[in-house]
Amino acid sequence: MNEIVDILISASFWAAILRIASPLIFATMGELICERAGVLNLGIEGIMVMGAFAGWIAVYAGLPLWGGVAVAMLSGMAFGLIHAVLTVPFGLSQHVVGIGITLIATSSAYYAYRLSLPEVTSPPRIEPFQPVDIPGLSDIPFIGTALFSQTPLTYFAFFTVLVVAFVLYRTPLGLALRAVGENPSAVEAQGLSVTALRMGAVIVGSGLMAVGGAFLTLSAFSSFFFEMVNGRGWICIALVVFGAWSPSKAMMGALLFAGFDALQVRLQQTSFGAMVPYQVFLMIPYILSILALVLMSRRANVPAALMVPYNRGER
Amino acid sequence: QDPISVAGIYTVPVEQQWVSRIHIAAEAAKAAGQITYTFSENTANTDYPRVMREYAESGVKLIVGEVFGVETEAREVVLDYPDTAFLLGSSLPADPEYPNLAVFDNYIQDASYLSGIVAGAMTQTGKIGMVGGFPIPEVSRLMHAFMAGVKETRPDAEFQVSFIGSWFDPPNAKETAFAMIEGGVDMIYAERFGVSDAAMEKGILAIGNVIDTQSEYPKTVVASALWHFEPTLQAALANIAADAFKADNYGVFSFMKEGGCSLAPLGTFAGKVPQGALDLVTEREAAIKAGTFVVEINDTDPSI
Amino acid sequence: MTATPLAQDDPVLRLCNITKRFGALTANDGISFDLARGEVMALLGENGAGKTTLMNILFGHYSADDGSVEVFGQTLPPGQPGAALRAGVGMVHQHFTLADNMTVLDNILLGTESLWKFGLGRGAARARVAALSRDFGLEVDPDAVIAALSVGERQRVEILKALYRDARILILDEPTAVLTPQETDALFDTLRRAVALGLSVIFISHKLHEVMAISTRVLVLRHGRLVGAVATQDTDRHKLAEMMVGAEIIPPAPSKATPGVPLLMLNRVTTAGLRDVSLTLRAGQITGLAGVSGNGQGALADLLSGLAVPRAGTLEIAGDTVTDWTPRRAIAAGIGRIPEDRHKTGTIADFTLTENAILETYADIPNSRYGWMDWRGAEQRAEAIIAQYDIRCPGPGTRIRLLSGGNMQKLILGRVLEESPRVILANQPVRGLDIGAVTYVQNQLLNARDSGAAVLLISEDLDEILTLSDVIHVISEGRLSPAFPRGTMKPADLGQWMAGQGFEYAA
Amino acid sequence: MRLEAIANPTLARSIGLPVLALVATFVVGGMLAMLAGANPLLTFGLILKGAAGSKFALLETLNRATPLIFTGLAVAVAFRARLWNIGAEAQLYAGALVTILIGTKLALPGVVLIPLMGIGALVAGGLVLLGPVLLKTRLGVDEVVTTLLLNFIMLLVISMLLEGPLKDPMGMGWPKSEAIPRDARLPRLVEGLRLHWGFGIAILSAIVVWVIQTRTTLGYEIRAVGLNAAAARFAGIPVGKVMIKTALLSGGLAALAGFSEVAGLRGTLTLDLSPGFGYTGIVVAMLALLNPLGVVVSAIFVAGIFVGADGMSRAAEVPTYIADILLATALLFMVLAILLTKFRVLRG
């Protein structure tokens, strides 16, 4: 028990939570935008892989780190465009297209990696984002180390949540996005283009997912590895539901998930951890997600038109 | 003499430490004109037997790879292609019923033991962390040897062991290492990618495994236990050339006395490691090579 | 016919030769007309005549294959609702286009500002909506969520949406189909105010008395063609009906009922929406249920359908108290159910006519045996219903989605009546149907009564209730009035009860 | 842009478009191979050769199609009822787990073990899906997420068992189970090649599912619930029970994939039994438009593209990852082509 308290009162534990949550937050916001507009984007896992690769290779080739983030975002948007074209105007099954995008984005990233670096036997490294202390704030005892000594991309992740929430709830664009996920005919009857709104949401959302992937190679780590996204995309899909399609709640979900991940890693080293198979710790976040869903289920407000393609002139 | 055609089939990308050593040895032999070499990486175990057959059908003389996940099925394929030599990483011993199958594994406990001696001499706190993928014999064996080495120079050392449940999740491995460092560890055994990065960021020391990563972490990686696949491959090639390839255990070619493993040069840490430890390393290395000292092979899960 | 379609000097709207085809079907065939300032033009036609299609073209949902739309002298680009909105056209669709989980204000604001603006300006918008509400008599809480609103309130939101955008031309596609008489009166009041302010209105309805009451001119469509245009003052209901259908319509004239034994009884039943309700349905009698929608009609229908169970009190069928009450039990007990919403609960849009015809009886011979479907048997059954109820369709293998509302309703009717139910629950059986179909359905219900069924007719149309019912109950806030025999109540009396008066004295 | 249904698609359209999709895939494959320095014109033939150029290749394609038929059927059955089962992967592993438990712990003759393992797997898979379905029908919990998360949980459970009680004492410490006895393995269909009776069971299952869907009241109920649950409930169809039956059927079918892979192919249980068969099953089912017989065709198509492209990557010496790219490309082109056989694209 003491060991757990020790973990909870260490600033580095809280710092780790923010770090682990960052890629999840980016990708969750991306998925949330897509779903708010009515499109389930199962391409998320692959788009994250592509973002991780594209951002990394751009920096490896000489671009500055923020250039890498931009390249990652563009790569995600490119795959988002494919997803959007197939699911929005053509109205193809969002399940198939999503899984197809995940497959094609992942394998394209691997293929491109192997073509560009055929000879390496040990993954080359770049100089990743370093933690930046926020003047003033980072000197506050405990809180400073816990919250304000992160890499710029982590700060950016939380800033993204603010932007997404602001746009969704405080601008005409956000209103239109939410409406198109609720009832596309309402949007069309008000003279807006359902297609443009949904495609835009999927493209921008996919861009954010890719930034989430790039966090892994540009901030959390310094090289690109195959399979390094390791199911994080799927988690984000759960986090969107967990957060009842609200940006702030989804962010809390990401933090909670990251919290259990950080705790899990630390618990393994305790006397308690030695008694329990490590798989149990790895399982905790998933089981908690399901439990949370059960508790939240009654209050969840699924976008009414989620997964329903819209074809003008068809009832 | 014509180069021997060789194909590699790997279930992971060739960047993975273990496979990279096979790949490098094969590339070197290819560069030397000894062999022709092609490979398939990231092959799922479901597809593994098919890929074996495809290469065998195409007339490849020697197939190298790893069949830890498809031991039984791979042996069926082996029987169907008696003219092809198979040199496969496997947990099972060679069996004369499969005359064209020789098995190997990275038995580099000798080098791991020596790296432990160095680690024990370099730790201040006496707390040493180890981050692994899964507790399989290949990993456990080296961890045990490493711990035995540490005990030589630091008998009171404490060990923390974690498995991340994945072969490839460097960010996760890094987080796990961070957690250990917070717990007071100042020396860490980097079985997975990602661990040395954590050590570097937090300014503690690390011991490499299988490959030498000191050039990338010059201030962090003190020593590494290196695996050299070359003796294993060369032995197989020689047997094929002599038409003497048979069921055999090539694991021994990873032993130090065969040149299958070594302690990486101290490099940036030259002069920083206590002389006493270095003397012990030299002494034990000689003894191992002479066969007077045997590092214990212990395949049990070190986290229990 | 004194009014010609193209007679205006300075029309606000001009449709020229609009033609629209869906595959082989011509939904609109060279239709032209003008709309004058301050005019209410009614558009009439049977189900499937092409009214909605025409309006959809005008509004830019569809693009016409031929022809053009001019608003205030400007030709509208085809297929762009945005352009129509900007030109001053506002449309209230037959099926509402509101986002249910969003507020009234957000629905109104949607698309009215440049997407790239910062901030929504909800404050100013709220004030403007309040002003419009006042001017046009459209009472609604701007911060209410749509899902919590009644149908009438939703319609007000739809009209506010158009007015908020300064619409000069208002199109209403069957706005009254789902309204109570009171709500219809309020709507007409709003329309009169709008016209007085110089707006023009196109009004679609199947209810001829409404057309007579509100319009200044009537256009009639048949099979996609414009077949007539008259000034309202020069015509009457009978002439309009004849123009629409091409033949005279004889309204149902019920004979005297011969009530029999009670077949279904509610004894002081309370459910989610009913309070202490007692009701007896007798053989050979139509019991009408009048009331403002949302006062418990749905709850009563759910109870009889098997979707709800009594919380207190008992439900007796032929003298036996039911337990384990489910839709399946209800069907087995001989209750035939015509649901309120034929699209959502009455049929499965992507099922064929055959599959829809056996929806309640698929588990019985001849549709299936021992869990195995007998598709030949099922199809024969569907064919019999199609023949007997005169359902216009390409065949039993057609997906029901492609049928008009009237024909869909006939299939439901056939499915129910063919089982010779002892009790019939008819919930809004003629909603949205054209006058020919209405007459047909009503006659079928009368026939069922005459062959001994007990019918419960739920309707918000007092005329319908007064014409068909042998006894009438009024429902208000979940309470049921006493039974009023035919001829004892005037519409005004019922209206009092519907407003909740009289219940203090009732049991 | 707008889609309009075509009443009677011409034969040229129905066949031409899918062929065009295939050709487009090959063109993409050629261009990718060219990037890697291979001759693009050869790739076309190499893919065909790899997928069906020999008896061996063909049987390997069918072999890889076998688990996909099962998972494809599982998804087709569930999606028909609008039950979004993304968890075929978990159900597959549950089936494999029970197969191993029965096959290694019960000392019975093979003829008894084989049906016992199959039935056990069927039940286990059904039960795994039952949880999410009950959560959905009782509490309204979104099953996309619960079934998805169960995939991860199931893998961790298996991992725990394989490193604990189920660990093969002779397995030298690797996380893998004991092997089921030889006589409890599904016999090979062709001596010397890997194709086994699992394929036969898969075809049989497809026919059974087809019969259920088109000929039984259960099939009718499932379709009704999927297309309009409110109308189905009103008509007296017990929606909850139908959902549960669907779950048992769907989960059971996915679990048969695990049974077939273990009893027919691998003999043991490892953590890498399935390279995503559960997820690919979704694609297979949708490509088949949820038609059970179509699932067989689309599973063979998907397997063929993968096996062919994988073989091509070796023959042309380009990185193996091209196989997955081509599989995904073929998929996306093919769903688009199938859509365009039924709809025409209009402007406006």
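Should a chain be cited, it is by its letter among A, B, C and D, assigned in written order, with residues numbered from 1 in that chain.
Criterion: a contact is a pair of C-beta atoms (placed from the backbone, for glycine too) under 8 Å apart; a residue touches a chain by one contact, two chains touch by 3 or more.
Because the structure is predicted, anything quoted here is derived from the model rather than measured.
Asker: Applying the touch definition from the top, give me the chains sitting in contact with each of chain B and chain C.
Answerer: A, D
Asker: Compared with chain A, which chain's mean CA position is the farthest off?
Answerer: In terms of C-alpha centroids, the chain at the greatest distance from chain A is C.
Asker: Give me the two chains with the most inter-chain contact pairs.
Answerer: More C-beta pairs are in contact between A-D than between any other chains.
Asker: Find the geometric centre of each of chain A and chain C from their Cα atoms only, then give the gap between the two centres in Å, rounded to an integer.
Answerer: Once rounded, the distance between the two centres reads 46 Å.
Asker: From the mean C-alpha coordinate of chain B to that of chain D, what's the distance rounded to whole Å?
Answerer: It comes to 36 Å between the two C-alpha centres.
Asker: Could you put a whole-Å number on the gap between the CA centroids of chain A and chain D?
Answerer: 28
Asker: Identify all positions of chain D at which a residue touches two or more other chains, and write them in rising order.
Answerer: In chain D, the residues touching two or more other chains are 4, 156, 159, 163, 319, 321.
Asker: Could you pull out the residues of chain A that touch at least 2 other chains?
Answerer: Answer for chain A, listing residues that touch two or more other chains: 110, 279, 282, 312-313.
Asker: Name the residues of chain B that each touch 2 or more other chains.
Answerer: As it turns out, chain B has residues touching two or more other chains at 42, 165.
Asker: Who touches whom among the chains?
Answerer: So, checking each combination of chains, I get A-B, A-C, A-D, B-D, C-D as the touching pairs.
Asker: What does chain B use to touch chain A in their complex?
Answerer: Residues 12-15, 17, 20, 23-24, 42, 160, 162-163, 165-172, 174-176, 178-180, 182-183, 193-194, 197, 211, 213, 216, 303-304.
Asker: Quick one: which bits of chain A touch chain B in the complex? Just the residue numbers, please.
Answerer: Residues 10, 12-13, 16, 19-20, 110, 120-123, 125, 216, 220-223, 225-228, 230, 261-262, 265-266, 268-269, 274, 278-279, 282.
Asker: Under the touch definition given earlier, write down the residues of chain C that touch chain A in their complex.
Answerer: Residue list for chain C touching chain A: 56, 61-62, 80-86, 91, 93, 95, 97-102, 106-107, 109-120, 161, 401.
Asker: If we count contacts the way the header does, which residues on chain D are in touch with chain B in the complex?
Answerer: Interface residues on the chain D side: 50, 56, 60, 63-64, 156, 159, 163, 171-176, 179, 192, 194, 261, 265-268, 270, 272-275, 307, 310-311, 313-315, 317, 319-321.
Asker: Across the complex, what residues on chain A touch chain C?
Answerer: 170-173, 175-176, 178-179, 182-183, 185-193, 301, 304, 312-313, 315
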